[in-house]
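Provided herewith is a single structure, encoded as structure tokens, for subsequent inquiry.
Going by the order they are written in, the chains are A, B, C, D, E and F; count residues from 1 in each one.
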Amino acid sequence: MTQPLSSETLRLGLPSGSLQQSTIDLFGRAGYRISVSERSVFPRIDDEKMSAVLFRAQEISRYVVDNIVDCGLTGFDWIVENGNENDIVEICELAYARASSNPVRWVLAVPEESAVRKLEDLGGKIIATELVNTTRRHFAARNVPVTVEFSWGTTEIKARLLDAIVELTETGSSLRANNLRIIETLLTSTTRFVANKSAWSIPWKREKMENIAMLLRGAIEARAKVGLKMNVPQARLAEVIAFLPAEKSPTVSPLADTGWVAVEVILEDKQERELIPRLKRAGATGIITYPLNKVIP
Amino acid sequence: MTQPLSSETLRLGLPSGSLQQSTIDLFGRAGYRISVSERSVFPRIDDEKMSAVLFRAQEISRYVVDNIVDCGLTGFDWIVENGNENDIVEICELAYARASSNPVRWVLAVPEESAVRKLEDLGGKIIATELVNTTRRHFAARNVPVTVEFSWGTTEIKARLLDAIVELTETGSSLRANNLRIIETLLTSTTRFVANKSAWSIPWKREKMENIAMLLRGAIEARAKVGLKMNVPQARLAEVIAFLPAEKSPTVSPLADTGWVAVEVILEDKQERELIPRLKRAGATGIITYPLNKVIP
Amino acid sequence: MTQPLSSETLRLGLPSGSLQQSTIDLFGRAGYRISVSERSVFPRIDDEKMSAVLFRAQEISRYVVDNIVDCGLTGFDWIVENGNENDIVEICELAYARASSNPVRWVLAVPEESAVRKLEDLGGKIIATELVNTTRRHFAARNVPVTVEFSWGTTEIKARLLDAIVELTETGSSLRANNLRIIETLLTSTTRFVANKSAWSIPWKREKMENIAMLLRGAIEARAKVGLKMNVPQARLAEVIAFLPAEKSPTVSPLADTGWVAVEVILEDKQERELIPRLKRAGATGIITYPLNKVIP
Amino acid sequence: MTQPLSSETLRLGLPSGSLQQSTIDLFGRAGYRISVSERSVFPRIDDEKMSAVLFRAQEISRYVVDNIVDCGLTGFDWIVENGNENDIVEICELAYARASSNPVRWVLAVPEESAVRKLEDLGGKIIATELVNTTRRHFAARNVPVTVEFSWGTTEIKARLLDAIVELTETGSSLRANNLRIIETLLTSTTRFVANKSAWSIPWKREKMENIAMLLRGAIEARAKVGLKMNVPQARLAEVIAFLPAEKSPTVSPLADTGWVAVEVILEDKQERELIPRLKRAGATGIITYPLNKVIP
Amino acid sequence: MTQPLSSETLRLGLPSGSLQQSTIDLFGRAGYRISVSERSVFPRIDDEKMSAVLFRAQEISRYVVDNIVDCGLTGFDWIVENGNENDIVEICELAYARASSNPVRWVLAVPEESAVRKLEDLGGKIIATELVNTTRRHFAARNVPVTVEFSWGTTEIKARLLDAIVELTETGSSLRANNLRIIETLLTSTTRFVANKSAWSIPWKREKMENIAMLLRGAIEARAKVGLKMNVPQARLAEVIAFLPAEKSPTVSPLADTGWVAVEVILEDKQERELIPRLKRAGATGIITYPLNKVIP
Amino acid sequence: MTQPLSSETLRLGLPSGSLQQSTIDLFGRAGYRISVSERSVFPRIDDEKMSAVLFRAQEISRYVVDNIVDCGLTGFDWIVENGNENDIVEICELAYARASSNPVRWVLAVPEESAVRKLEDLGGKIIATELVNTTRRHFAARNVPVTVEFSWGTTEIKARLLDAIVELTETGSSLRANNLRIIETLLTSTTRFVANKSAWSIPWKREKMENIAMLLRGAIEARAKVGLKMNVPQARLAEVIAFLPAEKSPTVSPLADTGWVAVEVILEDKQERELIPRLKRAGATGIITYPLNKVIP
């Protein structure tokens, strides 16, 4: 059994658990095939200059700082919780992990029926959270003395047994379903691609990380976009182009049939559903849309 | 816990159960992201002017009539069973729910060894079905008195315990595997997109429903199609184009290399597998095919 | 219950088990929709001139020889094991079944701590394998007398209970994890599309099999490729094209904006991830990549 | 495929679905081994004078009346819903299906925030329920006109979309979790063992059904009981016996060691946990408890 | 990684797969706790003089002969198939593996519609089976030349593609469901506990195997039996005892209350369900039955 | 949504996760039925003077100290880790959670190939563990400076990425399978039933907890024991009794047939399997064994 993270390679820390599959899919669309075997934490990656390991998102920034890996993907929340903000290089932000691309929030919440109205009302109380350090610092900064206890997994029910919780929420719906009331937001977080400082100073590693960042961003960008092609009568081209979002420059190609041109454009899928009915009414024919792997502007 | 179907939105009823995932996938290809959380019947949809709820397909037309939702997707069979044909607007037919795009049939069936040969032989007998009202009306119209009993789920075995069943079939293979014989078809059904009449009379709701219908049909159309591109020697262009289905007008673009042109065409995937070997033999090179999200002619 | 493999059709044997889903997906990308119902070994295929049956990969070559099916997909290892090499037509090799496209190997292995160093050291010993005939022939050819016992499923543990095993391996990692040492390779294998000899002599069947082979190979080819489009300033076109792999001839199309051209090329996804950062630095804009279904050069 | 419910046997209808496993377990403890094969609704039973079929609990009373089966287990609620109370023989009540042995209730419920306070406030409103007939009769008897709509499966959410529901509850906790308020109880129900009237009049069938009823009740009785044995000093026997529940007559046996007697008694498991500490303090030794299969007083 | 089957222990081969759990349960009731960890074929057993390994039932007799294990549990069919009948010691027969305790049969079967009526009609045909050697010997003994092909897993469908199958059946129901007709039975089989001949000649191993056999048989015997206790008036004791099966001698104990005696008897559970109603009518009270772990007459 | 842990009841903390089912089973055999509904952390318990909540084992001692619950079951390791040893009352030790009843150990382990031989060699290194506080205290007490990092879940792989781990082991087999070497044991742990100090001072709560402890211990005691009954000829009674373990006093009862006595004894199941063959040879007949729920000596 040998060390699978060779120092000859760019060593990459990937989040296991709920983010694992979406991360592997993202790399797949970016051009890297990662395959995980059931019994191993070392995924195979089809680039001989890279190696990878799966850690919990909570741990990754620590192992980047410890130089166990050169770089990794993790949440800003866990970077802050581990106190690693100043000890790593943030290569880029990546919004890929959720149905929506909204950031998540860590909020202080109490039962609907609680008398607590503001953070200061919690002096002397017990608060359960998985984000212990951040919560302690937040209360200390306000000079409100509290006991903060580490709580594994979902804490909703503890808001009722103890006094309050600090819990992760995306839309607030799980908190509402548990009849909890949000007092305030402690931290807003998204996923980050981060590097070890000494790895960042090695030129080939840095270039490789920058390339990966470009490809990952291109793959994320492509997720909410589609390619659209249509045939437009030469006479109505200006009218059609006026519908298209201003920032896009469509590719207009001549066709064999000289009365018509082919127009191709990349659109957000939300725009697409508004535009297609209008384009059709404006005389476009043969409208098709197709999926994209990557969009790099 | 508040009412999630705001009257400010277009309220959409979606079928839960066996159609749920294929319906969500269809909307996805049409440009609408719908996400279902495990414990809620209210999916989230990425359009702030829309809200959605999951019902069983059997119920949706009733809730469209009751004005609980503005529109919904359901089978023609359940519209008829609920007696709602005249109380709703049928926006369009959608053939997306099955491996094949054939309609389903509700058939009257008896055991292979039964003496029953035609519907009239069933006078005085007991028939099990989930489609009670339709079956009763069908026998009443023929003046054949029968007892029709509601039967949950698969009824095949009841054809043997009682006298006959009225059951759903697509290819008849499940009936044959149970050694049942079809006497006749009572009803043929496909999926429909239907609207509440008063919602249909509100202009912004009607336009939105028409747009959704166009996008859904475009997404269904695209499922059995592919885009095909190839490079063709200018000299053989006419010969190649002659192979292509007459109704298609290929997009022919000039190439930098003037002896060649690029030809692009949208094909049904069944045509594609016949055409590609012929195109290759006719001199086409660099033939590629790619998947489509939407095709709007 | 009737015979579902009509002699009017091209009768196709498909491997069940671990290869089943990837084979069906491959045919799907090639343009054939195959649907398997849970309780039947006869998948439906959307071509009325074809019928299909699922067998274990180990059996398929035998049933091709027995004329139960006209053609089938199976591993070269099982063709050899069944002694069918000379009794079938090999239409083509297909590398689709694995994460990597490397062939698999059947290797002779012993425990790390065993005194056995070469095949000849095994005289008089017991060897467990699923590939009994091939192993017997291999040892007989070397005049080393051994007892070869059939072993169901994974044999790793038997290397320790008996004396040696002949086992399938792709990367050797499972053998290493079991502390086994490879003595030598007996057979290297990939998937093959094979035909019955008399079926091959029937013109319409042969043409159909050749077409299927072309489409399957096109679909495999497409798996590791993407389409890439970009806009390039006319002035830098030569520089950009110089980056592209020599064997590729990009499609260059004029654009309405005369200072620019559209360039489209098909790339391997491994090339893509190296090229995109370079193309962008060379002035390309609007770079997108999109997935492919088939690539036929 | 032959008729598996021979009229030479006692034909038994068993509930499929959520009650299926607990019913089979109950028969097992009563002495009848019932085995269900995955693809058949006809379980095998190790008594050649019996045959069995699985139906949904909702249907069983109808098939008892139709003489498809001689007897069956079903809920009182579905007997009432089907209007079969007067057309069947109720052999006995059986409290086996739930964690607790409390009956279930069908209750009328509205959202916590609804203005409805009593049944009469629902005039003109829409009510969703699986128990359509019973609900209609209940409102009709009070002269309150309502629309009652059949609703598949859980209806909690419909209380919020329509006006009220009639839903099954055991402890009310699911209703509370959905913030619903109970207006009144329409029906209280337990499981019943019921017979077809003509089957009941056949002596051997009636005797068999009575024996089955005795054994099923004995098995249910045993579930909440244990056997307890202990050795007690002759001198303290009266004291110990005084602790035991009055209605129980313990079996007192002499022991070889004449200063001691063996005492054996059947207890409810709730009594047991109170008694054991007291018995030990009163000098009992070697206290053991053991599980029971059947208790017939 | 060391050899876990020490020659200091009694090495036991246990069947993996469908028999695994019932075998472990049987040993559990016999007094041996066997625990299987997910990734190992070497179960732990709470007797330091024993070690165990899981093999497929098909292989066990071979490994007993090869002296890999001292003893094992396997089917008589696989002993015969492997040709090991004369090379092992059969310690005892064990009927534990099935819902019923009937032996299984390997039968020759053809499609219902086949012209084949007797074995001799199959001359020159192809037969699929997992029991290749036994089938070949059976046909050879009748001088009927056939091709016998090994078939993995269920062969029902192959009866239709080839000419006949030799398949395992317990009740024949799966064959009937596939519309197959049985021609004749080739082999009847039950589970056997078998030993290696040299292990059997070692006194401590032989005694241990005999003890295990006694305990396993005692555990099997107990499965279909229950203990029954009741209080009987002294005056009716003879009458009650007359009901009990002749071969049983009940334990009659005096009670403190001199008019009554306690009667305890071990019964088969099928007898129990007939007896209990009669005993109750004969005046027995406080009838209880309880489960047994082992019965050794 | 109300507070389900009423202060009128004995509030019990139960471990969720891997111990949950075995804990509920244990209480079941002790006489308390606990039922867990899927979406709630508040199990129902059939004693109106008790209420229960599920927490992770890691948290329970903290919530006992915080007076959220009156008592709970947790591991000694987590009591120590939380620093709660002196702030709670330990009611009793309970060995129920494992296949064997051996305690678990937290051990310091390094890769087989590491140069580290003793704890002191780890100065300046990084150690991963879930038991952070205990590990820090252990190293501090030896004056060896190390960095201890919290690691979620299994840490085996981290022994190879960092320098060492402190991990839980029962038999050491998982460590061996990962090629890790144990340096020393930091802590040995079993499950404990613990109480809040103020709850312990309330007489009715204390009595209830003592009774529960007695019943739980009785249920654990019964798990590895069976009841054995046999008939013995009066003449050989002394001989038979001499076989039985000295500490057991069998219950000897006269039988109606005066030449025989009934002997009943409680045995450990390991003794049973040795004894039964000997008892049978000594003339005992009608030997049966039966399962026990509770044994209180």
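Going forward, contacts are C-beta pairs under 8 Å (C-beta built on N, C-alpha and C of every residue); 3 or more make two chains touch, one makes a residue touch a chain.
No experiment lies behind these values; they were computed from the predicted model shown.
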Other chains in touch with both chain E and chain F: D
Interface residue overlap between copies chain B and chain C, same or different (over half shared): different
Chain of greatest Cα-centre distance to chain C: D
Mean-CA-position distance for chain E and chain A (Å): 57
Chain A-chain B separation of Cα centroids, rounded to whole Å: 35
Residues within chain B bordering two or more other chains: 1, 39, 253-254, 290-291
Graph class of chain-chain contacts, one of line, ring, star, complete, other: other
Touching chain combinations (by label order): A-B, A-C, A-F, B-C, B-D, C-E, D-E, D-F, E-F
Interfacial residue positions of chain E with respect to chain C in the complex: 1, 3, 5, 41, 53, 56, 58-59, 62-63, 66, 68, 126, 149, 151-153, 157, 160-162, 178-179
Footprint of chain B on chain A - complex, ascending: 99-100, 171, 173, 176-177, 226, 231, 253-257, 262, 269-270, 272-274, 276-277, 280, 285-291
Chain A contact footprint on chain B (complex, rising order): 1, 30-33, 35, 37, 39-40, 44, 46-47, 210-211, 214-215, 218, 222, 227, 249, 251-254, 261, 266, 290-297
